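Below are structures written as C-alpha cells.
The following pair of complexes shares a single chain, chain A, combined with chain B in the former and chain C in the latter.
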Partner chain A sequence: MAHVSIPMYWRTIPQRYRMVGQKCKKCGSVNFPPKGVCKYCNESSEFDEVNLSGKGTVHTFVLIGAGGAPPEFAEQEKAGGSYPVAIVELEEGPKIIGQIADADLKTVKIGMAVSTELRKIYNEEGVIRYGFKFVPQ
Partner chain B sequence: MAFGISGYGIAIPRLRVKKEDYVKAWGSFQAAGVKEKSVMGFDEDVLTLAAKVSLKAMASVPVAPDKITRFALASTSAPYVEKLLSGTVITNVGIPNGAFVSDHTTSSRAGTEAMLAGIEHVKSDSTGWAVVAAADAPRASMWSPLEHGLGAGAAGFVISNDNVIAEFEGHTTYACEHFGERFRPSDDDLIHDLNVKKFAQSSLVGTTTRAATSLMNQLGVKPEDYAHVVIQQPDARAPSAIAKKLGFAETLLTSSSVVAELGDLGAASTPVALAAALDSAKVGERILVISYGSGAASDALSFKVVNDRKAQPGVRAEIDRKEYIDYVQYLKLKGAIR
Partner chain C sequence: MKKVAIVGAGQSRYGEFPDKGIKELFFEAYNDMIKSVDKGVDPKRIRAAYVGNLGSGGFQLGNMSALVSEFVGLPYIHTVRVENACASGGYAIVSAVMDVLSGAHDVVIAGGVEKMTDVSSIKQKYWLGVSGDTEYERLAGTTFAGLYALIAHRHMHQFGTKREHLSAVAVKNHKNGAQNPKAQFQKEITLEKAMKSPYVAYPLNLFDCCSTTDGASSVLICDAEIAKEFTDTPVYVAGFGTSSDYLAIHDRPDTVALEGTKRAGRQAYDMAGLTPRDIDLAEVHDCFTIAELLAYEDLEFCKKGEAGQFVEEGHTQIDGDKPVNASGGLKSKGHPIGSTGTGQAYEMFNQLRGTVQKPARQVKDVEVGLVHNVGGSGGTVSVSILRR
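After this line comes the complex of A and B, so read on.
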C-alpha cells in the first residue's frame, strides 16, 4: 500500500477536504495541489490561498477494474466494481487526478462536467481517509 | 422575533435495492410498505452525506459557511463510536472552527434532537446561525428481518432569524424507559430487536402521541389546524397508526411519505420527511413533526410556513436519481460478504 502517514495526510486536509489551492503572486496562475514553487512560472514561491470551486471537465479518464486497483482501493473495486479515474481540468486551470463517483460507467465521457464532493478515499490503520472525488454535475 | 428554518436540502445515495430481490433471497420481505430502499456507495458514509446536505442547506438560503455559529450532527450509524464526528463535516463545508458543535448519536430520534439543539441556539442568540445535518444508514444482521427495511439518506437545515421559510412555533418531548425494541450494545455494530411487536408498538404509539398531544395543548391548536404531519417512518405502517390515534386524516401524511421508496432512514427519517413536506407546503400552512427513537423518546415540533422559497433541486429529483443493484451487490457493499 502507498503509505501516507497520519501527520502527512493531516497536513493536506485543506486541499483534500476543501480544495484550497494557491494563486501565484508573480504570474497569477493557480496551483493545485499546492507547490513549493509555482509550477507555471517556476519563479515565485509567494502565494495567496484560494478556495477552488471544485468544478471542471473530464480531460481524460481510465477505468480501473479486474484486479487492477492499487491495494488501498482493492476492496472498493471488489465490492463496488470498476471505477473511473480521471484527469480533470478545473475551471481555475489546474489538471488534477481523482476518482469519478456516482456515475453510470457508460455515461462517463471526455468533456463531461464534474464537481467535487467529500468521499471516503480509503481506510488505513483504522482511520478513514476522507477526500474529494468527482461526481457528474 | 420569528425564527425557524431558513434553508434545507437532502441527499439520497444513488443506489437502490428492491423488495423483490429480498423476496428472491429470503422468501419474504418484512418491512411494511417499503418497495425499494436507498443504499450507500462503497465510498459514502454518514459524514460524507452530512457534508453534502449541509452545503445544500446553506446554498438554499443562501448563507456563507463562515457565518455559522452552531453545528449539530445526528446519526445512529456513525463510523466512529469515539472521535468527534462534526469535525470532518465542518472542515469540509467551511463552518468556522469556533462554532459550537455537537454529535447526537444514540437514537433514531437524534434528527429532531439535533434540530432542537440548533433551535435552542438561535432562540438564545438571535444573531446566531445553526446548521443541522441528520444522516443515517442503520445496520443490522442480514439474518434479521429488521434489516430488510433499512435505507440510507440525509437532510440538512439552516436555522436562523433571517430569510425564514418555516417559522418555529414550539416543541415538546416525551421521554420514558422502554426496552426490547431496536437497541445496539456498545460492543456490537449491528442493531437488534427482540421482536416483541405488540410491546414495541405500544411504546411507539404511546410515546409519540403523548409528545404530540402535549404540544397541541401547549400551542392551543387542533389536528385540523395542520396541513402536513411528518412522522418517523421505520416502515409505512407506523406513521399511519400514530396519525390515526391523534385524529389526523391519512392524507396529511402524503406530502412527507418517503419510506416506500427509501426505506427506514433512522435518525434522518423525520428530517428527510420534513424536507419533503416543505417542498410542497404553501404559505400559511402548519407542519407538525413527530420523531421517535427506541428507548424511548419522541419530539414534537410545530412549524408555520411563511415563505414560498423551496430548495433546488427538490426532494423528488433526489429520490428519482437512482440506479438499481441486485441483492448480491448489496451484500458486498454492506460488507456482509468479505
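After this line comes the complex of A and C, so read on.
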C-alpha cells in the first residue's frame, strides 16, 4: 500500500535531489515543482531548466502530532514526536512544501529563514526515499 | 432558459453502521426521499442518477452508481458515479441540474453515499490522503488536518484570528447538531472542552476536525414545469457555480482563501441575480473549523480577514443575521464524503419548506439558502443557491 509508488517517486528525482525547476521563456517566472504550462502566465510551455538555491522563508507551518501522522510517517512521529511541515517561499519565487528538520519546535516561526538539505524521507516497499527538508539558516 | 426544481430529499442517519453497506445506506436515503415527495412519484419517472462517492475504501470503485441504482429498483437508467473528493455530492447536484437543463431527462436523482468505517484507520488515512497533492503534500508527511492547519496558521498570522475563533465554530455547530436526529454527534460541547482537546496538527486540535462517517443522501430534481405534479411547494435552483483550483496549497497565489469558493460563489450569485446579503441560511463545508471561517470570507458574508470576529459576534448562530450550518455541519452531523454535498441540499430543502425535524433547528423565514461543498483542500468547489 504505497502512497507514492517507486516509479512515481523515481520520475521526480531531479526535483527532489537537486530542486530542478523551470524558468518560463515567456514571462521569466520560475515554476517549482514543474508544470505543463507556466502557472504564472498560463501561456507558455517553453522553459529553461534552473537549479534552485533551496533558500527561502517559512510562509506557514503545522506541527503534525498526537498520532496525526499518515501511516508511512507514524514511525518518525513515534521516534521523534511532533514534526513540523512548512510551506516555504523560495527566494526564486515559488512556494513549496516540506518538513523542517533539526529545529527546536519552540523556535520555528513564520518568517524564519531556512535552507535545504537532502535527507531521508522514509522507507517503504524496501526502498529508502530521499528528498529535501528545510533546516534553520 | 429552463428552470430546475427540487421536489424531494432524503437522508440516512449519519454515523457508524456496521450492519449497512453502500447499497443499504443509499436505499435508506432513497426511501426517505421518495416518502418526502408530497404527491408521490412513480419511480419509473426517474431516468437518471448522479451519485457522489469518493470510493468507500475501494471495494466497488467501478460501476458503483449502477450497483446502488439497481439495488433501489432503478436498473435501466442513465447513471454516473461523480467523484470530486469531498465535493462529489455537490458536483452530483450540479451534474443533475445540467442534465435537466439540457433537456436530456426531466426527472433525475442527485445522490451521494460513503461507507468509511469498514476499513482500518490506516486505510482510511490512505483514502483521505489521496485527495490532496500526493507527490508533494503527502510526501512531506501531512494529513488533511495538516493542510488546513497550514491555512489556519497563516490566517492567524496575517489577520490575528484566534484559537477561540476556531473553537467557536465547533461549539456552534455541535449546538445545532444536538438538535439534528440524523447527526452523528448529537451533543453540545463547551468552549473549554473544544479549546483543550489535543493538537493533531497544530494549530488545529481534535475538535477542529470532522469525523469519519457512514451515510447517504438523495434529492429528486426535475424540470420546474412539471414540479407541481409532485408538490405544491417545490424548491428552485436559482443559481449554481463550480471551480477547480491548483491542487497543492503551495501552488496557489493566496494561501488564506479558497479561490474555488470565491469563483463558484460569484457564479452562483450572478446566475441567481442575488448578493451575499440575500442569503438567509448557508450550509458550508466545515471539514475543519478554519474551513468555515474561510467560507464566510470567500462567500463574501464578511470582509477578508474578519471571519474570526464574525463568528465571535454571533452572526452565524441559528438566531443570528447570517445563520450557518443549522444542520450541525460536517463537524457535528458527520462527513460521509460522497454524501456531504447532497446532505447539505437535504437540510436546505427542509429549511426552505419549514420541515426540519426539530423546531429548535428551524431557521425562521428562510427564503434563500446557499449550499457550499469543497473537495479536498479546495481543489474543487461547488456552490448552489436554492430558494422557495
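The rule is short, and it goes like this: the second predicted complex is superposed on the first by the 135 of 137 C-alpha atoms of A that agree within 3 Å, B and C clash if a C-alpha of one lies under 4 Å from a C-alpha of the other, contacts with A are read in each partner's own complex, and residues count from 1 in each chain.
We adopt the following convention: a residue touches a chain if its C-beta (ideal position, glycine included) is under 8 Å from a C-beta of that chain, and two chains touch if they have at least 3 such contacts.
What you are looking at is a predicted structure, and each value in this text was computed from that prediction instead of being measured.
Enquirer: Judging by the criteria at the top, classify the pair chain B and chain C on chain A as clash or fit.
Expert: Superposition check on chain A shows chain B and chain C fit without a clash.
Enquirer: Thinking of the overlay built on chain A, is A:Gln76 touched by chain B (first), by chain C (second), by both, or by neither?
Expert: Touch partners of A:Gln76: chain B and chain C.
Enquirer: Counting residues of chain A in contact, which comes out ahead: chain B or chain C?
Expert: It is C that touches the greater number of chain A residues.
Enquirer: State whether A:Lys95 touches chain B only (first), chain C only (second), both chains, or neither.
Expert: In the superposed model, A:Lys95 contacts chain C only, not chain B.
Enquirer: Is A:Asp104 contacted by the first partner chain B, the second partner chain C, both or neither?
Expert: First partner only.
Enquirer: Mind working out whether A:Gly68 is in touch with chain B, chain C, both or neither, as first, second, both or neither?
Expert: It touches chain C, and chain B stays clear.
Enquirer: Using the superposition on chain A described above, determine whether A:Lys55 touches chain B (first), chain C (second), both, or neither.
Expert: A:Lys55 sits against neither chain B nor chain C.
Enquirer: In the superposed arrangement, does A:Lys23 touch chain B (first), chain C (second), both or neither?
Expert: Once the two structures are laid over each other on A, A:Lys23 reaches no partner at all.
Enquirer: Determine how wide the angle is at the CA centre of chain A between the CA centres of chain C and chain B, giving a multiple of 10 degrees.
Expert: That angle rounds to 150 degrees.
Enquirer: Could you tell me if A:Ile128 is touching chain B, chain C, both of them or neither one (first, second, both, neither)?
Expert: The answer is first: A:Ile128 touches chain B but not chain C.
Enquirer: Enter the shortest inter-chain Cα distance between chain B and chain C once the structures share a common frame, rounded to whole Å.
Expert: 12 Å.
Enquirer: If you lay the two complexes on top of each other, which residues of chain A touch chain B in one and chain C in the other?
Expert: 76, 99, 121.
Enquirer: Spell out the part of chain A that touches chain C in their complex, as residue ranges.
Expert: My answer: residues 1, 3-4, 8-9, 12, 33, 39, 59-71, 73, 76, 82-83, 85-87, 94-99, 110, 121, 129, 131.
Enquirer: Taking the touch rule as given, give the residues of chain B at its contact with chain A in the complex, in rising order.
Expert: 14, 41-45, 47-48, 51-52, 79, 88, 91-92, 94, 323, 329, 332-333, 335
Enquirer: For chain C, which residues are in contact with chain A within the complex?
Expert: Against chain A, chain C makes touches at 122-123, 125-126, 129-130, 134-143, 145-146, 149-151, 153-154, 157, 198-204, 206, 246, 248-251, 255.
Enquirer: Touching chain B in the complex: which residues of chain A?
Expert: Interface residues on chain A, with respect to chain B: 13, 17-18, 51, 75-76, 78-81, 99, 101-102, 104, 117-121, 128, 130, 133.
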